[in-house]
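Two complexes, one shared chain (subunit A), two partners (subunit B, subunit C).
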Partner chain A sequence: MIRHRSLTAFALALLTSSLIASVASAQDATDIVRRTDALMAPQSFEARMTMDVDRDDGTHRTYELTLHRRDDNSLVLFLAPDIEKGRKMLRRGDDIWMSLPNVKRPVRVSARQSLMGGDFNNADVLRLSLVKDYTAHLDKLEGSTAVITLNARDRGVTYARVVARIDVATGIPVRYDYFTESGKYVKTLEFSALKVMSDGDSRPATWNMTNLVTHRKSVMRVVDMDRNKSLPDADYTLGRFSR
Partner chain B sequence: MTARHTLTLLAASALTLLGAPAVAHAQWTEAIGLETAGYLRAEPYFFAVDDGASHEAGRFELQSSVAARPADILTISTDLALVLQADMGLQRGSGQHSLLINEAWVELAPGLGASVLIGKRRLPWGAGFADRPTDLLNPAPNPFEPSLLREGAWVVAAQWAWEVWSVDLVYSPTVDEASGGWPDGLHAGPSESIFAGRVAVTAAETDLSVVYTLEREHHRAGLTAARYVTDDLELHGELLVRDDSPFPIPDAPSLLTRMLEHDDEAPSVEALLGAHYYHPDLGLDVTAEVEYFGAGLTADDFDRVLELVQLASTLGVGAPTDTAAFGGANGGAQISALRQLYAIGQVRYVQFESDWQLGVGARVGLEDGSTVVFPSIERRLGDATTFGLGAFVLLSPDDAEFSLIPLQWAGFGRLTSYF
Partner chain C sequence: MRYLIRVALRNVFRNRKRTAITLAAVFVGIVVIIFVNGLLAGLHLSFNDQLTKGVLGDLQLQRQGYRDSAESAPLTLDVPLDDSLRAMLDGNDEIEAWSPRIRFGGLVSNGEDSAMFLGMAVDPEKERVVTPKALENVVEGTWLRDDVPNGVVMSEQLAHSLHLKVGDEITILSNTREGSMNGRDFQLLGLLSSSLPNAPGRLIVMDRSIVGPMLFMDNSATEIAISLRDPAHAQDVGDALRAKVSPRAIPLSVYGWKDLSPFFVDIMQMQDMVFGIVVAVLFLMVLTGIANTMLMSVFERTREIGTLMALGMRRRSVVMLFLLEALMLGVTGALLGLVVGGTVVGLLGLHGIPFAAPGTSGAALTVYPVISTTTVLIVVVFAVVCSLVSAFYPAYRASRLEPVAALRGA
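Here is the complex of A and B:
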């Protein structure tokens, strides 16, 4: 009888400690991802970027753009090449619109659609907050790097699962592996080339996206980023975007 | 093309091509948020008209837009085009050139989402692609222009945009345009102006708007909606209720309207329903729309118009129903809807990888089979140049609506260099 009670107590303790560890792991993971969000996608910022898209014929195309964010809204303005000048995209919450200078009418676009035919999709650039879109679980530590599994909070999120490798101390991302709902491993995003930006923070300036389905690559380079700059709130409204 | 035209074009080209980029890259431009863009475009046209004759035409356009935002509260923008047209053949003389004001406006945004805009501006209201019944501010789109870009109107427009809401109030007087958008006279009286208001909101992933317009003492009220129902399929619709039924042939003789017993003052409805599908992997972009004009001619009325046209032709007097007018303010054509029901479709095959874009658009009169088809092909050449070919082919049965257009087909080339 005593032996049975001891076993029950031991099992309960094990379960409780396992639950506590799991909650702590989720909490730790969320804290780490939150640090990454604060660094890579602060609540308000302006970034100047270039995007190189590899093409099947061996050539590549380069786009210049500015990315603006304020709270849950983002705006992308294309600066180059000349042929794409004036193209812009707005994200408000779950909705994304695109406007072309020669049409003017904003058209809704899907978050999953490819950005300019490259391997980044619209959400990769416009929907940057990981904490809002995913729940985090700490899988393991590899030295100073945490391996965290991010599971989409709902089916509207572009990738069902992301395995993120993040430096624990700084929150600087090292690598994200993207998986679909069926578990297919589709893309890898690798971060490199730490650079001190205008706001004084060090961030990876080169983001290499490898598409494992098309076997192509696209590279985003952050020329500069400043969390102290952003456009006024009204610029992120559809009313202003439509004008 | 005269020597004077050539010199004007070359001088303007040199000024814009060399001047604008130089200005854009100067260091001080960043401080005032200066942005420049533009293109130089050459378009040879070939027309085959009903009498069997053919015409050639040339159109050169130098477009340049400059926008400055010296402070968050102030934006100044201009979009000008120098256009040279030679031997338009149908309704224009040869060697005309003009400077067009596409847009020229100043906007003051003092904060809290409020802004006031004064000038000429394209304000794209409505949810439709090929046409937008609730867009009463801009002239109808030019069917020769693949993007169906509208011309814009002179306005004083106030907007309050907050989160997912926006409220617009617009006043637009009648402006006499001497040529190509240059204002000549202004008629600001209530009976010569448009007062418009719009409330737009995004709710449940749907873009909704309610529009009211008082246009030259006539009331119009409209609703628009657009929503993605799957990742790639958007549905949209517009409904406009108006307290009049404008006769579909502009400037028609009163004898004709009396003969057809057309009641201009009867209420009428315009509606558009459509779908837009984009398949990202295939690069396939499809739009299909159906449009209804309540004030359009019925089959009986149209037959009587046709009899009148044939009579006028026999008597050698001008027909009142030339529905195509080439060489409009933007150098293109206008097709007015005479009947009530149309289907409009466009299929584009966009290949980012190989830089090709194939497209075909069509407008079909569902009551008589009148059909206009616009096939086009475009190739991107590097980062700044595109080359395209297009055509405008009428496949209208005899005695059907589009048979009134004095044209069999038109073809054009388009070489555009962006800067």
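Here is the complex of A and C:
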């Protein structure tokens, strides 16, 4: 009888501990991802970036842009080349809009549409909160890197699943692998070139996006990011956005 | 022979009514053939004219391989308008004018709703020379104007579906040659319709000086439409051009209007086939008409034939007699038919027949029936062959008669 009781106790202990462990791992994963979000896309910031796009016919384009964020809204302003100066993208919640210099009204665009014909799509650049869009689960540890599976919270999120490799200690991302709903591995984003930026934080300054379907690459380089700078709230409204 | 001719002539006039009826059959048949042929020939000429002078040009240059993916309008398979190409086209004496065009797809919006459209960006000056008839398709407003560079003309169906009026402002969005999205506001200057069936209902024509840069195609085109000084030379000029543009670094293909409108080629072939059936039916009709008359004639004149043979006329001559009579009927009917039919076609050819084909949205095509020497030749041969064939059996029957039995009346 004592044996039976201890067996039950043991089983219970095992069950509870594994539950706690999974909850803990979810907790851990969410914590890690939250830290990544805070580092890579603070609630409010201004960043200056360049995007290099390689095309099928061998031509190459470099765009200069600034990225601004205020909570659930983000803004991209194009600075170069001259032809694109004046182009803007605005994200308000789930909607993304584009404003062109020769068009009076802003145009609603899809999050999944490629930005400037490159391998970063609108969501990649404007939807910045992983915690908001995905639930996180820790798969394993590779040395000091956590391998976390992110599952989309709803259909509106661009990628159904992301496997993120993030440094446990700092929250600095190493690599994201993107998967569609059907499980197809479509893109991979590699982070490198740590750089201390104006607000004192050290972040990867080079983001290499490879499209595994078309075998093309685009590179986003963060020239600078500052969490202490931001645009006034009014700039994130549609009225101000269009002419 | 002269004797036979005289006898044949007399026999033909012997039964006036029957001769008249037979002549009528031949006459009607011939008039119908001439009229339908004239109409079809005129219609085909109209198609040719409308297509070459209103839409396509006499010849077109495109990048090799572009046509295979024409449905997706790929901007990357474009024709770069480099100096050597310009020099070659400008220096060609046979070419009257050449107009580079960019065909692309996109979304047009009236501010609230959007619709898909098929765009064509042109140089208005050059386009005016290469496709002068295109301007006739403007049913409201005006064509592109120099003082309004961001002006467009749009298919009236598309304009109606977006509740647009002439003068309204529209926004156009399209993917550029580089894959990025770009757009611009434009002004609606005019509405287009078409007199040809199968015309695109979502067409927007715009100025290439504005759209080219918008699509990152400042100095290239998806097609070059060419008009020739003498369109009749299209085949030869096309071949010569082909020899020059196929070996280029970016090889180009040369197309005639028939290559570019398989739809019309099919329609014309179908019409020709129907015409062929009509001719066959008429052939039978005329055939039976004459044959019937001749056969009756043989039965009625049995005694007469018997007499002739008894008097020494050879069977051969009897056959010849009947053949001559049939020939006279046939040729006279044909000549009458030619005269009347030709006059009708000639008069209509001056005035023109409005021909609104099914599926066209507006202006009716005017068809000018024509007659050609080929037609006349065909008609004459038709008449002769018909007559002879139809007379053959009766003449044969006549020649088989036995003089004695024939004299008795059997």
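Everything that follows uses one rule, which is that the second predicted complex is superposed on the first by the 231 of 243 C-alpha atoms of A that agree within 3 Å, B and C clash if a C-alpha of one lies under 4 Å from a C-alpha of the other, contacts with A are read in each partner's own complex, and residues count from 1 in each chain.
Here is the rule we go by: a residue touches a chain if its C-beta (ideal position, glycine included) is under 8 Å from a C-beta of that chain, and two chains touch if they have at least 3 such contacts.
Being a predicted model, the structure only gives us computed values, none of them experimental.
Peer 1: Look at where subunit B and subunit C land on subunit A after superposing the complexes, then choose clash or fit.
Peer 2: After superposition on subunit A, subunit B vs subunit C: clash.
Peer 1: Counting only touches as set out at the top, which of subunit B and subunit C does A:61 meet: first, second, both, neither?
Peer 2: It touches subunit B and subunit C both.
Peer 1: State whether A:238 touches subunit B only (first), subunit C only (second), both chains, or neither.
Peer 2: Only subunit B; A:238 stays clear of subunit C.
Peer 1: Output check: A:95 vs subunit B and subunit C. Expected answer is one of first, second, both, neither. What do you get?
Peer 2: Once the two structures are laid over each other on A, A:95 reaches subunit B alone.
Peer 1: By the touch definition at the top of the document, which applies to A:117: first (subunit B), second (subunit C), both, or neither?
Peer 2: both
Peer 1: Figure out whether A:34 sits in contact with subunit B (first) or subunit C (second), or with both, or with neither.
Peer 2: Neither partner.
Peer 1: Applying the touch criterion given at the start, work out whether A:48 contacts subunit B, subunit C, both or neither, answering first, second, both or neither.
Peer 2: Neither partner.
Peer 1: Just checking: does A:85 make contact with subunit B only, subunit C only, both, or neither of them? Give me first, second, both or neither.
Peer 2: A:85: touches subunit B, not subunit C.
Peer 1: Subunit A residues in contact: does subunit B have more, or subunit C?
Peer 2: Of subunit B and subunit C, the partner in contact with more residues of subunit A is B.
Peer 1: Kindly classify A:103 by the partners it touches after superposition: subunit B alone (first), subunit C alone (second), both, or neither?
Peer 2: Both partners, subunit B and subunit C.
Peer 1: Just one of 203-211, 311-319 or 365-373 in subunit C hits subunit B in the overlay; which is it?
Peer 2: That would be 203-211, the one stretch with clashes.
Peer 1: Where on subunit A do the contacts from subunit B and from subunit C line up?
Peer 2: The overlap between the subunit B and subunit C interfaces on subunit A comprises residues 55-57, 61, 83, 100, 102-105, 107, 109, 113-114, 116-117.
Peer 1: Sort out for me which residues of subunit C touch subunit A in the complex.
Peer 2: Its residues touching subunit A are 76, 109, 111, 169, 171, 173, 175-176, 178-185, 213-214.
Peer 1: In the complex of these two chains, what residues of subunit A are touching subunit C?
Peer 2: 55-57, 59, 61, 83, 98, 100, 102-105, 107, 109, 113-118
Peer 1: Write out the stretch or stretches of subunit A touching subunit B in their complex.
Peer 2: 55-57, 61, 80-83, 85-86, 92, 94-95, 100-110, 112-114, 116-117, 231-234, 237-240, 242-243
Peer 1: In their shared complex, at which residues does subunit B touch subunit A?
Peer 2: That would be residues 35, 37, 65, 72, 107, 109, 111-115, 117, 121-124, 126, 129, 147-150, 159-168, 200, 202, 205, 207, 226-228, 231-232, 234, 276, 278, 280, 352-354, 380, 383-386, 418-419 of subunit B.
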